[in-house]
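Quick one: this structure, given as structure tokens, is what I'll be asking you about.
Naming follows writing order (A, B, C and D), and every chain is counted from residue 1.
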């Protein structure tokens, strides 16, 4: 009886998938009772996700959730891609090497001798999801859209690129970027490669522009088909599921999986159970403890990398007592139980942090020693130096990230021994964002990632007014000088520059205001029937390169 | 004026209508009535004849839509307007309804019957209350042990007697009984009627006895009022009415009783 | 009387012969007393500190940790025991507040809404406000109230009471509408009772049944709302041991076979609510006894003399 | 002729007045909701700005605020809101830019379907158990029913659901994974999934959906039945002692007739609980929906609270409250139909 039910279920699901596929090609819901002879190659994937994206357009989005990142990555593509390398069966991003995506694969761009002009050579015969051919004008218009009011802006490069006039369309397939200055801290290429660098189909978007909305942002947030990426959205049922359909004209080749059904399963444990029982092929956004639980399941493989880029970031806000005293800040960082957090909260799915600079940056010889370790005696001594024996701390955390909440609770439990009475203040994401922006917290713990793995980009996190500068760091003369000399020393990957970056890392660690306390491993689990697990700058799964194992 | 003052109840053109417009129903047609302490008035009529409404108007449970009711010359409305005079009126006129739900299911009879003693007669000492309750129980042939019971734990006859007890402990000048025996067995009916008759005589109370059964009314009262569809069709002494009925309805009523010597209706 | 109808002798057996009834009623409060005792004696009973990480995380139940450990290595047994404190503190306060408040407001609405004048207006207005509040999902109402008052235990109590008082209000109102037709109210009037006294002595005791049966429901709901508010970030602050938060944070691992972080606090909720339910059922039975006492101590005769 | 109409109005006034009052209620509540939401401490602009990786200047904040339509005084916003309200336009979500009305109504029917199935199941279970309670004198059976009814909302519905999932999916593997209503794309005609599947003739999908409903609906029935049952049993116990019942029994009325009469008199308090329930059911649907991957109105509520999405939260509140007010109206009307004494105004008329 049991088996019959199960088998019936499988047949039913199979039939439903067939129905869904046929339903995509022919809009009408025909009652074709096609036999489920899916013994051939598997071309569809079922994915368990935590939520659905809220917007299909980064430029019109007011929320950068992981689901949104995933969707932008699947429906759009930019001029460049990072090169990748295979590491333990995981396709890992190499943040320092690029290849052409919409630009020519082998010769994507040329740089002028003075380093101030980047000329991109576009691939020919590329068409968008809507079928319009790619031209240099698409690129120019897309960048202009980003620089406009409705766009996300390209603030990271505004020192040398902030005006559409700096672009020059040379011919249909060539476009040049004239920068104000050149420098070793150039993050133009990473910015054009990541989420902010997507290129849009101008012709398609302009069809939906209105006088009120000249960039068609309003339409684009709810519709796809105006990008050049591997997938388009074929249907979405609010709060339940979204179905992606492969773009057969995708410039890097049609994906092996033509249909991706993303089902909303809000509970992490259920998602993990589903992937381990074979109910779904991929489960995203799993809690570390759930990853650990299903790690040994015969059906599951989990990506683990040497240098993860997602981190938990502890900020002790400098303008709030008692953290206006550097000694107290250092004492607190000595009272954080790093190993305990990695073991207990992350079940080993995290690595220790040596600070802001990670191995992926390819800075030669950078120290991998943890920035701080749990040392109660040292913490007490430092507190005594600051003239204190016990300190009350309110640690604010967003309540929608359970591992951050647990880490905060654990910090509270262990910092007590060093004389810190920690109150964990759990806030809704909205209240947390508001408090963080207004710098009204005394200390906070937040999950974050650096999508652009250039040492100089870290400066971004310490700019006054930047929402990421949650420790309220004010750049000092010493800081500016350190950065200037590091940039002057040569490319980041050079031996000459390395000691300067090490100094900057030490400076930040010693300042003890805002430091990643650990780096988290990827949070997806895949069926063993798949190859090409990914670990990318945006931590999303690259469904376009995923393939069946045999 | 002095004429009106001596009567416990004076009804002048008292009538009652329900509803408005097309749905207007006349329950009691305007009537005059004088009730004194030595009057024993029986009111008889079929269901819906307005006799209960009349009784309820006399104690303020219903408001007449026309006419005035006065007690010792003072309008009922005034009596009921202040707390003190309201209590005084309750001391003078008491009303007993058909029992079925006239006791709070959560209260014991002791609690229920002692309330009017405390509130209306100002008896405070527990011993005094006890002795008065025992006395009235004795008079009504009730076992005092039943005082600790709740309404659902005794028989209908006992409950009816407790209802009487609750009114009689007040020692009112006028007792209005509304269908007090209709729901009882015939054997019990007789006993209860006897109790009422004896008590009223002993304490010189006025009595208005509303019923739809002729025998009970003729047994207990000396005067009779016959009502039909809100209208008083016949009034006079029992002897007059029974021997010389003028209205056809009264004749019909008497004939019916004559043919079946003892016929008892169930509930209304 | 045919067999399928309830036997009235059963009701007779429970009849409050005074002393027996009192003893019975007192016995009914033993489970409630147990829950309260656990809450009060938590520091004595609990083997570990409830807010300190004492072992590896997610350990299954063992002789050292009977209920296992949670996501950060805290002892679940200790946390469950301490959780009784929060639950009792909030649950009892909210249940009592909203039941008493609900019965009073519901009686007022039921008695006044069809009358004219200021009282009727007030009654109808209250009834309408109650309908609005009832229609807002509890959690949203909680968020708004706590958002406005600022996060504190007092704000939480007010918020949850506001959510939960509506049920007793409506239940009592419906009962009052029924009871006020009863003829014993007329009898009471004729016996000289004022309408205020009648409302207190007759209407309320005879209308509280549904509200009383609803009381354990309030306790359960209180725990749930408290947990939901905690989940949204304005409830009791973690790591304070609170059952609802423990359940919601332990739920996720249930499907994967890690049942202990959620099941033990859930069982604690279940048992304590059952205990409360059992005890609360005794309250209507206690009422007449209490009423008698009150009457003895406060003879009405004094009023009558005036 | 004129009096006839007036009289007919008088006779039906009790429900006409309730119906007429509904839009007024909604308007008053919408205005209250508008102000309540703006008392929340979070700032949607901060949320929007924080999620964009760029430096924040007062100008950026002002620009985003204008872009979100949150500039101008609160009174201007209120006028704008009222204007939209009368045109049935509740604004666009700040998160998704989708009109709030669309957002809510694309999710509401599926939630309603789930709730109605759960309520219907609970009601039937309650009647069946109530019948068992009255019909069989077996004291053990009656104690069992009483005991079960004492569970009223002791167990949160999601706990029951979790136990069902563990038992029937993880351990026994009798029922499919809690993975939404069906694989593939659900057809959307009315928004009620089962209805749509019947309309479009998607029979295999209908089968899947029905199977997927077993656990959540069972969880709701198990959890909510005691609440109804407590009221029903309370009512039955009370009514059994009433003279009316005794009289019917004594008068030798047919048994079926007595049962019907008994239940009819005991039902009002059950129906009131229905009305009381509705709001909390929509709240409770959040957990069920998230556990079973159903998606519905609850998630929208949580999302809009977490991101202080004013228009979405406003629209969510207004529509949910409207649905609840309608549910309560229906409950009241049914109650009044069952028991005319409950009709307002009936008292003056009878005086």
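Here, a residue touches a chain if its C-beta (ideal position, glycine included) is under 8 Å from a C-beta of that chain, and two chains touch if they have at least 3 such contacts.
It should be emphasised that the depicted structure is a prediction, and the values quoted were computed from it without experimental measurement.
Visitor: So which chain is the furthest away from subunit D, centre to centre on CA atoms?
Guide: If we average the C-alpha coordinates per chain, B ends up farthest from subunit D.
Visitor: If I average the Cα coordinates per chain and compare with the overall Cα mean, which chain comes out closest?
Guide: Nearest to the common C-alpha centre lies chain D.
Visitor: Can you check which chain pair, A-C or A-D, has more C-beta pairs in contact?
Guide: Pair with the higher count of C-beta contacts: A-D.
Visitor: Averaging only over C-alpha atoms, locate the centres of subunit B and subunit D and give their separation in whole Å.
Guide: 52
Visitor: How many Å are there between the centre of subunit A and the centre of subunit C, using C-alpha atoms for each centre?
Guide: Taking the average C-alpha coordinate of subunit A and of subunit C, the gap between them is 47 Å.
Visitor: Hey, how far is the Cα centre of subunit A from the one of subunit D, in Å?
Guide: The computed centroid separation for subunit A versus subunit D comes out at 39 Å.
Visitor: Take the average of all CA coordinates in subunit C, do the same for subunit D, and state the distance between these two points in whole angstrom.
Guide: Chain centroid spacing, subunit C to subunit D, equals 23 Å.
Visitor: So which bits of subunit B are touching at least two other chains?
Guide: Residues 100-101, 152 of subunit B each touch two or more of the other chains.
Visitor: At least two other chains touched by the same residue of subunit C: list those residues.
Guide: 8, 11, 232, 251, 254-255, 257
Visitor: Mind pulling the residue numbers of subunit D that touch at least two other chains?
Guide: Correct list: 40-41, 165, 170, 241, 305-306.
Visitor: Give every residue of subunit A touching subunit D within the complex, in rising order.
Guide: Its residues touching subunit D are 2, 5-6, 9, 12-13, 15-17, 19-20, 23, 29, 31, 46, 48, 51-52, 54-55, 60-65, 149-150, 152-153, 155-156, 218, 221-222, 234-235, 237-241, 243, 261, 263-267, 270, 273-274, 277, 279-280, 400, 428-431, 433-434, 436-438, 460, 463, 465-468.
Visitor: Considering the complex alone, what residue numbers of subunit D touch subunit C?
Guide: Per the stated touch rule, the residues are 25, 28-29, 32, 36-37, 39-41, 134-137, 150-156, 158-159, 162, 165-166, 169-170, 227, 230-231, 234, 237-238, 240-241, 245-246, 249-250, 255, 268-269, 272-273, 275-276, 278-280, 282-283, 286, 301-302, 305-306, 317, 320-321, 324-325, 328, 335, 341-342, 344-345, 347-348.
Visitor: Within their complex, state which residues of subunit C touch subunit B.
Guide: For this pair, the touching residues of subunit C are 8, 11-12, 15, 17-18, 182-184, 186-194, 201-202, 205-206, 287-288, 291-292, 295, 299-305.
Visitor: Touching subunit C in the complex: which residues of subunit A?
Guide: That would be residues 267-270, 272-273, 287, 289-290, 293-294, 340, 343-345, 347, 398-399, 402, 405-406, 409-410, 412-414, 416, 423-428, 431-432 of subunit A.
Visitor: Which bits of subunit C are touching subunit D when the two form their complex?
Guide: 1-8, 11, 113-114, 128, 131-132, 134-140, 143-144, 147-148, 166-167, 170-171, 174-175, 177, 181, 209-210, 213-214, 216-217, 220-221, 223-224, 227-228, 232, 247, 251, 254-255, 257, 259, 262, 266, 269-270, 273-274, 277-278, 281
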